[in-house]
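Here it is, the structure in full.
Chain nomenclature is as follows: A, B, C and D, assigned in order of appearance, with residue numbering initiated at 1 for each chain independently.
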Amino acid sequence: MRRRDLLAGLSAAAVSAAAPARAAGPAAYRRGNGADPETLDPHKTSTVAEATILLDLYEGLSTYGPDGTLVPGAAESWTTSADGLTWTFSLRPDGRWSNGDPVVADDFVHGFRRMLDPATGAKYASVLAPIRNAEAVNRGAMPVDAVGVSAPDPRRVVIQLAQPTPYFVELMTHQASTPVHRPSLARHGEAFTRPGHLVSNGAYLLKDFSPNDRITAIRNPHYREAGKVAIPQVEYIPTPDLAAAVRRFAAGEIDSLEDLPADQVKALKSRFGDRVVLNPALGVLALMVNVRKRPLDDARVRRALSLALDREFLAEAVWGETMLPAYSLTPAGLDNALPPPTMPGRDLSPLEREDAAVALLREAGYGPGGKPLAVELRYNITDNNRNTMVAIADMWRPLNVTTSFAATDAKTHFAYLRDGGPFDIARMSWLADYADPQNFLFLVESDNDGFNSGRYANPAYDALMRDAARETDLEARARILSRAEELFLADLPWIPLLHYRHKHLIGPRLRGFVPNLRGVSPTRWLSLA
Amino acid sequence: MSQSAASHPLAWAEASLLARARRRLVGDRLARASAALLLLVALACLVGPFVTGHPYDRLYYDYPGTPPSLALYPKPASVRPALDRLAFRMRVRAEDVAVTGDAVRLTLASDKPVDSRVLTFFSRSDTFGEARILGRSEDGRRLAVEAPLRSLRFLAGTDTLGRDLLTRTLVAGRLSLALGLLATAVALGIGVIYGALAGTLGGRVDAAMMRLVDILYSLPFVFFVIMLVVFFGRSVALIFVAVGAVEWLDMARIVRAEAQGIRRRDYVRAAEALGLSTAAILRRHVVPNLLGPVVAFAALMVPRVILLESFLSFLGLGVQEPATSWGVLIADGARSLETAPWMLVVPAAFLVATLVALTLLAERLRDALDPREGA
Amino acid sequence: MNPGSVNPGSTSLLSLRGLGVRYPQAGVTALDGLDLDLARGETLALVGESGSGKSQVALAVMGLLPQQAQVAGSVRFDGTELTALSRPALDRIRGARIGLVFQEPMTALDPLFSIGHQIALPLRAHRGLNRRQAMARARELLGLVGLRDAASRLSAYPHELSGGERQRVMIAMALACEPDLLIADEPTTALDVTVQAQILALLADLKARLGLALLFITHDLRLVRRIAERTAVLRAGRLVEAGPTERLFRDPQAPETRNLLAAEPAGRKGPVPEGAPVVLEARGVAVAYPGRRRFLRAEAPRLAVADIDLTVRAGQTIGVVGESGSGKSSLGRALVRLEPAAHGLVRFEDRDLTRLDRAALRPLRRGFQPVFQDPMGSLSPRLTAGEIVTEGLRVHEPHLNAASRDARAAEAFCEVRLDPASRHRFPHAFSGGQRQRIAIARAMILRPRLVVLDEPTSALDRTVQRDIVALLRDLQAAHGLAYLFISHDLAVVRALADTVLVLRHGREVERGPTPCVLERPREAYTRALVAAADLDGGLAQA
Amino acid sequence: MIPYVLRRLAQGVPTLFIVVTLSFFLVRLAPGGPFDLERPLPAAAMENLRRVYGLDQPLLVQYGRYLAALARGDLGPSFSVRDLSVAELFARGLPVSMTLGSLALAVALLLGTVLGGLAALRRGSGLDHAVTTLGTFALTVPGFVVAPLLQIAFGLSLRWLPVGGWDDGSPKNLVLPVATLALPQVAVVARLARAGLVEVFDRPHWRTLRALGLPPRILALHALRGAALPVVSYLGPAAAGLLTGSVVVETVFGLPGVGRYFVDGAINRDYTLVLGTVVLIAVFVLVLNLLSDLACALIDPRLRDFG
């Protein structure tokens, strides 16, 4: 039994010794957090790592509960008009900024306006797009006070929507919808996000920011439920090297990780047991097909390519089960949705699938015996992307498809797609902002010029999406969206590969963690043993 | 080394320089060992992939992440799970499984008649060979088959996708060595010409030329290389031509210093007095006398380039599929150090052995090329 | 069989018995059964050509032989067997009781430390003086060895001193702890004649004043007579003859001794034929090196050669003499257009060279060829001797193929009296004299009319020198060559030159027919040179 | 000497200008910009951002503005760390990188000299071969392999040292990163020191010193000073690399140095950060080369002619 060498033995020994040795560490929760934030200005953020921190520092009108469900935040309640276009939020009387100032409705109005002000340069202004005039304001076509937000009194925020938006409450949890402390902003300008300057209304307040090292936040004494916040201090530690981060976790230097090296998850599971938590997420990894390019403009070819994929192998071998095989665009478990429709051919045995794929290709004039089909797979370089693409190329080989790779760094990849480069098939991924099928299906609307680089344009699909947007009956809306997804699955402008899962490594000290679809666990609900 | 020198002093002096250097190297045990090792690695990389029995890009879906072993796969214990997985894909049940030496007998059962075409799955799997039908039940719902076990050996294990690591390492070696040589050749060409020109011409030309070198020195190398990768990402060779075009700076400095020294030597004066043109002086006197330090530096540059490639791989900017290199394999291996240490150890062993041998050989070569040594 | 112990009765300070040094790895025996005695206060000269093993004696006594050397026999110093001593014990003797002065004044001092520091080293190590005391003593010592401005020179670094000054510092170091024995290994060889004379005088003076015993190692018999009471001659690691210096000079027994004594270049230059054509004419030649550029200003240019006129006829030899730094080499390079900083008019056989650019000059270059001092440095180590010799043919007779070039190489080898079979060897396989012959052959193969010889014999042993001088003279007679012969060695110049030009600081001091200048010098500087050279004094039979 | 230093520094200005110009246009030519994200920005958001950062101006105007700001010592705001300016990022990261780098340099110098000295004293012995071969070995193993191995050995198995983190520069956290950084440098210094010492031992003046019967302490001083030149002239440029951080060490050990910005800046097309790193390197190279030349002059009086 020389199969595992010394290192594996060493690490196994280390794990067994790991937990108790440093478990009695500091009272601070050392939270592994992917990357450093670009900014702590909630209106300029865009990344997941920022969302995690800002969820602790700020509180929107609504927010997330311990299990990721939507609960009232700065607003204690809200009402909706019958047409679904006017929302009235009532603020809590005891809402306080971290310097003791009361949180008032004008804070929110100002926040929405600032978010949409072109001068702010907000990346995520689209979160507020459902609000009336929001897009026009952000384009600079209207003045900022034209935004459909008002504060009739200090405790009421009234929001006018452009169209009914069933997921609007969830949008209000987003950091883009949080207010910023106006006096601090006025006093410090851009620098209001510095430790010492930053005044926030969440459960924590910023204490220190050391780039590439850690961000320290402490309990906000003025927070309305400060007494119930168990963890007095949280340190967000960036983990750019996941393997090294796991080692730090094993040594007890980090209490939890929110990303894991996928190719090692199997080993991590045997090493850390149920400390490894995998849970479905709101994301999809797909191959975007350039539907304007021959022969990929032929849906039969796209379906054939999709049928030949062994998604289980990808999920298991390449991604270490940190992904789930995707046979639809939307993942299961969304709000206001029917169960996702299934891709045609899903229930076939692999053999039948292959037969079907060959038949489809033959119809289109390709496949074994037909014209050779050469495609280029374009992807941004990461280990897992590379392995995924290699495996996909291998799976297409029996179809007589020869695959070449165009691997570039991320910036080049995304710029290439944005600029409409003549790609064949490109890797695409999407992490949704809210648990609604619309947040997936809008990706391939013909006028979505940011995401729809494959130039899919199906008038019937667009019409369904328009209908759904107008529909106020949630069940009817869900049915319309499901029909749209069926259209999508028949056309396959994107070939869904895998659905994301949240990956957590939870240390022995951490209590109160509840895995959930949105992958959020605000520190205020957690505690340390 | 001095033994042969002492026994044939005349033969020494009369042999050509290169022959002399060769003889001196052959007499040196360490040099011999290094050269032999390099030759072995090069040969293994060239021929090895045809011998290992695995195509370097073949994915064995049944064997991802297999540790190195002399043993044959499949192991008896893994036959059953493989069968179950296969049966699931065929949408049948595997019953009455019996492993007999190098074959397996079983019955495929299903609720509807079993299509015998599913048997192609056996030959397509990595575990079994082509299956033979032994018998069929009347209703067609049970099919007795026998399939031979396919024997595979992964001496150095497999990677995450189940590709044979030894084959991949050897194939990667081709690219790494070729890149090292290519970039070094470019750096050598530019550096020697540039440095020799600057050193020989001297004066204001020299000052201007060296100023340019200083400026290029002040550029952050990493940034420059990343930009090159961004620009030439599709062509590895082009990246390394460009890397060579950056790496020549040191070479130019060394060559210039040496050339300055040589230029002051009387034999260069004598050559000028004989009426040799500047080009001829460069060719016949300056460049040959630079040979020692240049060869040594070049041989040290090959490792540097190969390491640079591995650094780029660490950043995820290295060689791209389907090609692979030692740098890529090592960067992958370093990440899965705890879970699959062989993925690091195997390519790293090749890399380190090659680079150590190369460095040692370079030092010996420099000594051997010095005509004054051992005289 | 024991010629070294001439005074067996007296108690000797240093006594070598059967001293042998072998290098087993290289298969070389450097010293073989050497017996020598040196009494207190006595001066013994150890003479031999290069490779005779004379320096090995110094190293063996001082325990400085390389690790791979095997030492046999005994070295007794004042009753102590040195070969058996531990390193610390040996360190109490060397530097304290035995001083050593090496040949290389340019490199024998540590370039990184001030000379004061270096002279103070042995004082602090052996006398236990503190830094200030040691420095004070160092200043006295520098005064003792005759260094001017001793106090201010303490903080100077070796590279700021001249060769002679450095040798004085070396001697001061060696004498710092008032040793009983001073070993001087070729202490004057690399120095100008005038400096040589001063150093010899200094050694003699110090010896007299301090009662030193002196082991004086040299290849130059002429120096011996001035300083040594007894002389021993070494050849190939063996003692061939020893005895009182005067007897040795009067009545040499061993052939080796006789050979050394006859090493002075003999003969005189015959007259130049009437009406010989002018080969080279130079007017107002000057060499000015540009001053270094400093921040915002440039230093004044340094004038190496100022305003020299020269006419050389076929068959004529002009000797250019002067001390190092006198500009004689710069002048030589200027005349053959190898000196980019040269000015003035140079005509070669009716062609004005100064107006020609490099390319136009090239075809003319075969008419005038240089030969340099350092026979190793002037031969490219990566070409065979034959390739080196025929290199000029590639330029000037490009129609020749390899075979005919090779044949010409063989001829040229014969002409300079080298074995033609050796032309396939590389330069390092030749001795110094042979290398100089290769350099001469390289020039001769082009049949030049003028050869500028820049110290061609200075790096060679006396006996080799004599042969090269003879070769040069024969070549001149055979081909009617004109020579510009640059040398600091008046004996060689006397044997070769028609006319002597004396240079100092780049300017002409004196010029005239060789016998006139050397026998009846007009200028004081020339007189000093001639006196220091001691042209006939050293050798009785010369 | 002061005029010499001033002139050398003045010479750096045109170098800096050329380097900055070259890099400015190089990074602008690269495909993709700072705001090309995995999640493509809506056109309006992109437009707003470009305007906020002045990227909507013609390239030459941007270049002119950058140069003007640079002349005032302003490196501009970072595109990828929007809360901090490039200068602030450097101000926070440099102390970390320089602490690590200078410790690594010190270790390399000390250990390298000792090993090189031992090898030179026992030339041709087993020890000599061992030092040479191990040195070669150390030079061929990439840092991203050494670092995890050290983490596993000393952090996880032996549990002597923390696996990663900065912890405000606590000595325990410095050991492994410094070891990783120093390892190849130790090898280089050992090799240079050995070669330098061997050369000193072969020089005539070494014989002179030995003939004086000096104690080993004094001999060592002379030998080391004689061998110091190649080491110092190597360390100048090498220090520029070490002191400005190492992306590998900082990433694996999770340290807040500036080394990562060299890579991140380029990969994220963070234009100002990239140019900041360019300026940083150029200044370090300039200053350290100058320091190394001055140190060489201090060691060797023959180099003291500051012409």
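Following the convention adopted for this analysis, contacts are C-beta pairs under 8 Å (C-beta built on N, C-alpha and C of every residue); 3 or more make two chains touch, one makes a residue touch a chain.
Computed from a predicted structure; not experimentally measured.
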Pair exhibiting more inter-chain C-beta contacts, A-D or A-B: A-D
Centroid comparison with chain D (C-alpha atoms), farthest chain: C
Averaged-CA centre spacing for the pair chain B and chain A, given as whole angstrom: 39
Distance from the mean Cα position of chain C to that of chain A, given in whole angstrom: 85
Cα-centroid distance, chain C relative to chain D, in whole angstrom: 49
For chain B, residues that touch 2 or more chains besides their own: 226, 230, 334, 337-338
Shared-contact residues (touching 2 or more other chains) in chain C: none
Per-residue multi-chain contacts in chain A, two or more chains: 7, 11, 243, 247, 408-409, 411-412
Contacting chain pairs - touch in the sense defined above: A-B, A-D, B-C, B-D, C-D
Chain C residues within the chain D interface of the complex: 59, 62, 64, 90-96, 99-100, 102, 104, 107-114, 121-122, 125-126, 157, 159, 170, 173, 292-296
Residues of chain D touching chain C in the complex: 3-4, 6-7, 203-205, 207-215, 218, 222, 225-226, 299-302, 305, 307
Footprint of chain B on chain D - complex, ascending: 15-16, 18-19, 22-23, 26-27, 29-31, 129, 132-133, 136-137, 139-142, 144-145, 148-149, 152, 237, 247-248, 262-263, 265-267, 274, 277-278, 280-282, 285-286
Of all residues in chain A, those that touch chain B in their complex: 3-8, 11, 242-243, 246-247, 261, 263-264, 266-268, 271, 310, 313, 317-318, 349-351, 381-383, 386-387, 389-391, 393-394, 405-409, 411-412
Contacting residues of chain A [partner chain D, same complex]: 7, 10-11, 13-14, 17-18, 21, 36-41, 44, 46, 118-126, 135, 138-140, 190, 193-194, 209-214, 237-241, 243-245, 247-248, 250-251, 253, 380, 408-418, 429-431, 449-451
